[in-house]
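Each chain carries a letter (A, B, C and D) given by its place in the written order, and its residues are counted from 1.
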Amino acid sequence: MVNIAHFIPVFPFVAFWLNIIFGCRLGVACAYVSVGASAISAVLAVLVFMGLQAGGGSYVLTPWLSVNGHPISLGIIVDSLTVMMLLVVTIVGTLIQIYSIGYMGGDPRFTRYFAYISLFMSSMLGLVLVDNLFLLYIFWEGVGLCSCLLVAFWYEKPAAAAAGIKAFITTRVGDTGLLLGILLLMSVGHSLRFADMSVISAPEPLMVLAALLIFMGAVGKSAQFPLHVWLPDAMEGPTAVSALIHAATMVAAGVYLVARCYPLFTAHPLALQTVAVIGAISAVMAASIACFANDIKKVLAYSTISQLGLMMLGLGAGGYTGGTFHLMTHAFFKALLFLGAGSVIHAVHTQDIRAMGGLFNKMKVTSVTFIIGALALAGVAPLSGFWSKDEILTAVWQHGNLGLFIAAVTTSFLTAFYMTRLILLAFFGESRGAHKAHESPAVMTMPLVILAFFALFLGFAGSPWAHHAFQRFIAPEEGEVALDLGMAVASTVIACAGILTAFLLRGKFLGYKEGTCALIENKYYFDEIYDALFVKPFHRLAAAVARFDQVRVDGVVNGVSRCVQELAQASRSLQTGLVENYLLAQAGGVFVLIVVVTLVGKLCHIF
Amino acid sequence: MIPLGHFVILSAVLFCIGLFGVLTQRNAIRFLISVEIILNAANINLVACNRYLAPANAEGQVVSLFVIGVAAAASVVGLILIISVYRQRKSVFLDDFNLLKW
Amino acid sequence: MTNSFHFVSAELVLALGAFVILMAAVFGMERRTLAFVALSALILAIFRLPSTLPLGQSVLGGMVVNDIFGYGMRLFILLTVVMVVLMSMAYAWPQDEDMGEFYFFILIATVALDLAACAGNLAMVYLAVETLSIISYVLAGYFKKDLYSTEAGVKYFLFGALATALMLYGITLVYGLYGTLDMAHIGARIAGGDVQGPALVVAAVLIMAGLAFKASLVPFHMWVADVYEGAPWPVAAFLSVTSKALGFILLVRIFFSNAVVMAPFWGCVAPVIAILTMTIGNMAAFHQNSVKRMLAFSSVAQAGYIFAAMALGQVGLTAAFFYIAVYAFMNMGAFAAAAFLSPVNAQLEAYRGLGRRAPVMAFLFSVFLLSLAGLPPLAGFLAKFFVIWTAVEARDYILAGAVVLNSVIGFFYYLKVIKAMYFDEQAAVHDPRISWQGYLLVGGCVWGVVFLAIHPQAVLDILALMFV
Amino acid sequence: MPYFLTAIIFMPLLGAALIALIPAAQVRSIRLTAVAFNTAVLAAVVVLGLNFNRHTGLMQCLEDRVWIPQAGIHYTLGVDGISLALVFLTALIGLLAALASGGIVKRVKEYFLVYQVLMTGLLGTFLALDLVLFYIFWEAVLIPMFFLIGIWGGPRREYAAWKFFFYTLAGSVVMLVGILAVYFSVTPHSFNMIEIARSSSMIPGGVQAVLFLMFFFAFAIKVPVFPFHTWLPDAHVEAPTPVSVILAGVLLKMGTYGLMRICVPFFPAGAVLFAFPLAILGAVNLIYGAFAAFAQSDFKKMIAYSSVSHMGFVLLGVAALNVTGFNGALLEMFNHGVITGAMFLLVGVIYDRAHTREMSAFGGLASVMPRYAFFLTFMSLASLGLPGLSGFIGEFLALAGTFFRFPSIAAVSAIGLIALVALFLVIIKKVLWGKPAGHASYPDMNAVEISVMLPLVALTLCVGFYPQMILQFQTYAVNALVGLL
């Protein structure tokens, strides 16, 4: 059943074109096309999962391109990592699309939305299926494009349009690194196939450079420090998009990429170390910002950055299973959180948590599922987040770098803190907004419930009770894994400490005076710094280049033409029309000729 | 006998006088006269050289007759043209022939 | 003597025709009939040309040589004069001009040209050139009531008189040096090492000045624009094609029979003159508002290209004369088309919008202009191409570069006319009316420009015979 | 098929002759004739492609007749993998631009006359195998272009036409001297491109370097390579839409084609010597073009400068002097023709409605003209090199080729990649996004406009997904070319 895997992305792709071409005529039905397509993909993914042999395999569909004599084939890799991603993407994707039917209902560009989503689904599925970096890059850009289009979905809003562009360009910076990494790998390693990653041998510095360049792509896509700035802005898109692309799937592609090229990183400790450090920085930084954010989606966005950082940290610390496990669980509960947030926004038409409050009674299903998701994120046992986060903490601890471990712990603590803060502000206390909140329709709550189910129980796949099924599935070669009980306790304690702190401080959240922690509130001034460092100079440089082009380069051209014209004018004015001048020229010409010829003749000894 | 060199020098002097006249005279008639002087310089050359260098045939002398004839024709045509210009402009000064320029 | 008679029979036909015309004009024959007489005389002369054969015999006591070069050049001259006559038939003359003399002069000038082209003696050179000059003065000032025409005539006379006088003096110096005017003898003496130092140089320069005047080479080109502008269009065409060609023909006759001694002289001066000629011609044409004046300077520039090939010595003669052949077609065509399109007013404004008003003639005019500019695939391009070819072959890259750069500049003013005809809104002037002779002439010229592009061997083969 | 290439080249000219016979008032039949003849050319080129032997790097359909024996000039035509795609591109763009000439209402007859002559010149340039013949076709393009810009162009048309003409002419005359110098440098003297390439080793290295530069100068202006590019924005902006399409789609390719057909195979030593400077120029083009485009306020000018940028990829590919680079350069040439041609068509579509090209005058068109939005977005994405669309493959291969030779330059070029993304996204943002204001009444693209776009969209997609579609034709030719180095 494995070799049907390449059909998985085809269905959403067909759905995309159907919706683009016939969108106008399909109307609301286009949603069913998209949902249907991804449901079929989900079924196929499950079939592939069930048919997966140990270790998986890869197969080649067709030779595609030849670069420098090395063929790049359209190859499919189907192993546990791919299958995990397939399942996550198709299941979460399908649920979110169902949710979107309700959430996007009545939007004038309803069909366009589903077209984009389908395109995204197919790109994302392609991304996880292909067996080499080059093809991955193609789909990598594809998902980036969809992200951009969907962030800017409500392009009438200037902020949305700007955010879409920011998302694409910022990730493109990382992607350019990835491209260069691919080129480097191709030129020194002669292979881009993931299967060959562990056997490529080349000079150490070059390989480290290649690994780092590839990681740069991951940094961009997974919104890691220092390329994280686009993700909070990307929240301008529809919330369902945020859930799908900017929480569950696309942003996780960076982590996927690192996991995919893991042999490359493990072979070069420096590269792995970088991954860990970047992850740690991102995790702590984003978590601290999330503590001060007031926009419900921004909180979740920073949380996403933070969690992705945690995954990176896990991978960088050698915790392959932890990183991938967290990737999977995070996809579900973060999608849940975003959809919950969407449901809330749908009801109250604001995103500011200070303007919410007391929603628990009005929106029971949303609130309960949201809280489940939040607890999972906070890492409270025995929800799914607990298991995966615990795995990461264990790995970091075993890695031995105390700084990284402190970062991981801090992140856990802060995560629990800001999620509690969010829940307290949004769902409890007095209703502070003049809005009539109501529960969302079933088409929106149903996916919430399903996702909550996953958030609750998915973690058990990696628990001792399931004999660490996930770990054995994803990395069978790592042998026996055991739960570090001490770490589990510690992790729970940290989470609880975070929650408790939030409870203690709950009175101060509303009365908090802005500016107390200006550095963090302003997101460490990243936007301002980048604006001053890159955006403005870019504009200024462009203007300067254009002016240079106009004045200097073109000026030279026009100058030459003017010179010729002046010269022409001058030679024209030789023709005075005066007989004497002409006669003089004639006689003078004779004289000069005689002199010149005589002189030359003398010099050359001809006469 | 007068050496050939003297004739040639005379001719050269005449040539220079003629050329000087051509370049300095502003009057069309004087210009015409100057050109005639150059032609006469040439004629002196022809005749003298014929006599000294190739007395066997009369090539130079014959040519000089042709030159005189043709020069006369040229002068006639020149005078006609000058007159027709004079009729229109009442001037034979070369500086006034200045409609066509640039 | 029979040989001589056969040799000049073509010229005799022309002279006969000339006197018939003179008589007929006295009896008030119509302008058109006179033209036909002239035309038939010319055509008859062309058909009489083969009577010159076989070549190589000495004729007229050595005054002329009966060689292939002369034979070809006579044919060339007759053909171009036919074009001039055709052009004058189609040209809208002012009604009050007496035409009898015109065709008479043209035919007599043709006789002089023919003889000059075959000249074997410097006396012949002088006589023929002077005859041609005298007639040219008259032709240039043909519109006796026209201020410009008379000024052109008198100016041409003034400069021409000086030029021929200088040349004559140079000829007499040569006579003084070698005691003969027979070019073959002189050539043999020089080739034998009898080089008379600076005196020969002075003589050579003086002779060259006279011929360069005809060929309008810098610095003897000053008259060109003024004379062409004032002269009637057909006369300007005659001066720019036939008369100019004679300058080059005689340069070959005089300077290439004894090329050995002239090598250094030629090598150091001729390229400079060539470059100056094309550059100054192009530059001066650049800003002209009068199409006629522009074409005049253009013909100076073209002379520069021709002379560039000659400057390379014997190897360049084929290119030079191929250029002259092509030039005859394209320049004659350009003058004719320009004259037909706007007979009176030669200012650029008068040509505006003619692309729509007289599409065929304007198109053909454009073809001639583009050919003059050297646009592939027209013959004008091939002509330039051969010049550059020769220059590159001789490794004279400076000359080659000068030719190509100048051809770029040249494009500007040719295109300016085309631009006026096609881009600009039309000026409020009458529609040009062009007779069948006009179309015949222009059609013939276009045929030449195209035919020589496709099948240049036709001329190249003949030239190969001339310059072995 | 004897004289098949001749037939292809002169078919447009035949069309011109026919058009000349139709009275100027019958605009409709003139248009139909032009379209019919261009369709015939395209059909003939497709037949040529179908009969093309993909498994040889040699010239095919050779025609050789002596033209001027005294000068060794022949009438030689032939097609190989390097030229085939460009001939196809020329025929295709030629047809589409003829279809898109509906906006030309002034002097239609003359327009199509000149247009057809232009097509002959373009086709001939890509098919000629004799240097003189090549030069003739090369030059024959100039005058029609001069007319097309100068008569049917925008407000500054005359300036643009003059500039275009003289700039390119100045380059090509230098090439003319170069052509002759090459002729005399090889023994036996020959203008035949195949023979010159074969005997290129005869030319001493220093001479090769000089000749390389001479030819490069001509091609650099045409491409255009910084700093010889300033004619391009003017010409593109002033030219009417279909002519811009031809300019960007085909004309620029003459320069890059020349690089690959003449500069590299004739002067391999020169090419190796100048590969590094060439690569630098490529990178400069890429980055400079993108930056300059970014600061423009005129939509068309932006696209024009982006062409400069894209040509940087081609230069990089050529400078790489390896199979990958050449493949990339050729593919990029083809893709750029398709994509930028489409972009100019799209600019034309909006110009027809708004009668302005100022970016600030647009905004929110996505809501008003959804189909237009789709095409513009699609083509912009293709332009910025989105993987999956054709632009990417060419850019990638060119960049990869460069990377193998000059990794540092390829790395620097990456700045250009980012700038291009920024450029086209900003175009999308400024034109399509935002609130519609004042132009809510623009009709969406009509059937003709869409039918012109569809083949280009299809090609962009197909080549993007299956690059072998184009690459398979050129593999052997490119290998042969690299074999000469």
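FYI, a contact is a pair of C-beta atoms (placed from the backbone, for glycine too) under 8 Å apart; a residue touches a chain by one contact, two chains touch by 3 or more.
Just so you know, these numbers come straight off a predicted model, no measurement behind them.
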**Report entry** Where chain A and chain D overlap in contact partners, by chain label
**Finding:** C
Report summary line: If chain centres are mean C-alpha positions, then the most distant from chain D is chain B
**Report entry** Selected interface, A-C versus C-D, where C-beta contact pairs are more numerous
**Finding:** A-C
Query raised in the report: Which chain has its Cα centroid closest to the overall Cα centroid?
Result: D
Report task. Compute the distance, rounded to whole Å, between the mean C-alpha positions of chain B and chain D. Result -> 66
Report summary line: Chain centres from averaged Cα atoms put chain C and chain D apart, in whole Å, by 44
Requested in this report: Report, in whole Å, the distance between the mean C-alpha point of chain A and the mean C-alpha point of chain C.
Outcome: 78
Report summary line: dist(centroid_CA(chain A), centroid_CA(chain B)) in Å evaluates to 97
Query raised in the report: Which chain D residues touch at least two other chains?
Result: 166
Query raised in the report: Which residues of chain B are in contact with two or more other chains?
Result: 22, 94, 97, 99-101
Query - Sites on chain A at which at least two other chains make contact - result: 572, 575, 577, 579, 583, 587
Report summary line: Per the touch criterion, the pairs are A-B, A-C, A-D, B-C, C-D
Report task. Please give the residue numbers of chain A that touch chain B in the complex, ascending. Result -> 572-573, 575-580, 583-584, 587
Query raised in the report: What does chain B use to touch chain A in their complex?
Result: 19, 22-23, 26, 94-95, 97-102
Query raised in the report: Which of the residues in chain D come into contact with chain A in the complex?
Result: 163, 166-167, 226-227, 229-231, 288, 291-292, 294-296, 322-324, 364, 366-367, 374, 377, 381, 386-388, 392-393, 396-397, 399-401, 403-404, 407, 410-411, 414, 417-419, 421-422, 425-426, 429, 432-435, 466-468, 471
Report summary line: The residues of chain A that touch chain D in their complex are 20, 64-65, 67-69, 137-142, 145, 148-149, 152, 155-156, 158, 161-162, 164-165, 168-169, 172-173, 176-177, 179-180, 183-184, 186-187, 538-539, 541-543, 545-547, 549, 553-554, 556-557, 561
Report summary line: chain D partner, complex, touching residues on chain C are 355-356, 370, 375-377, 381-382, 385-386, 388-389, 392-393, 397, 400-401, 404-405, 407-408, 411-412, 415, 419, 422-423, 456-457, 460, 464
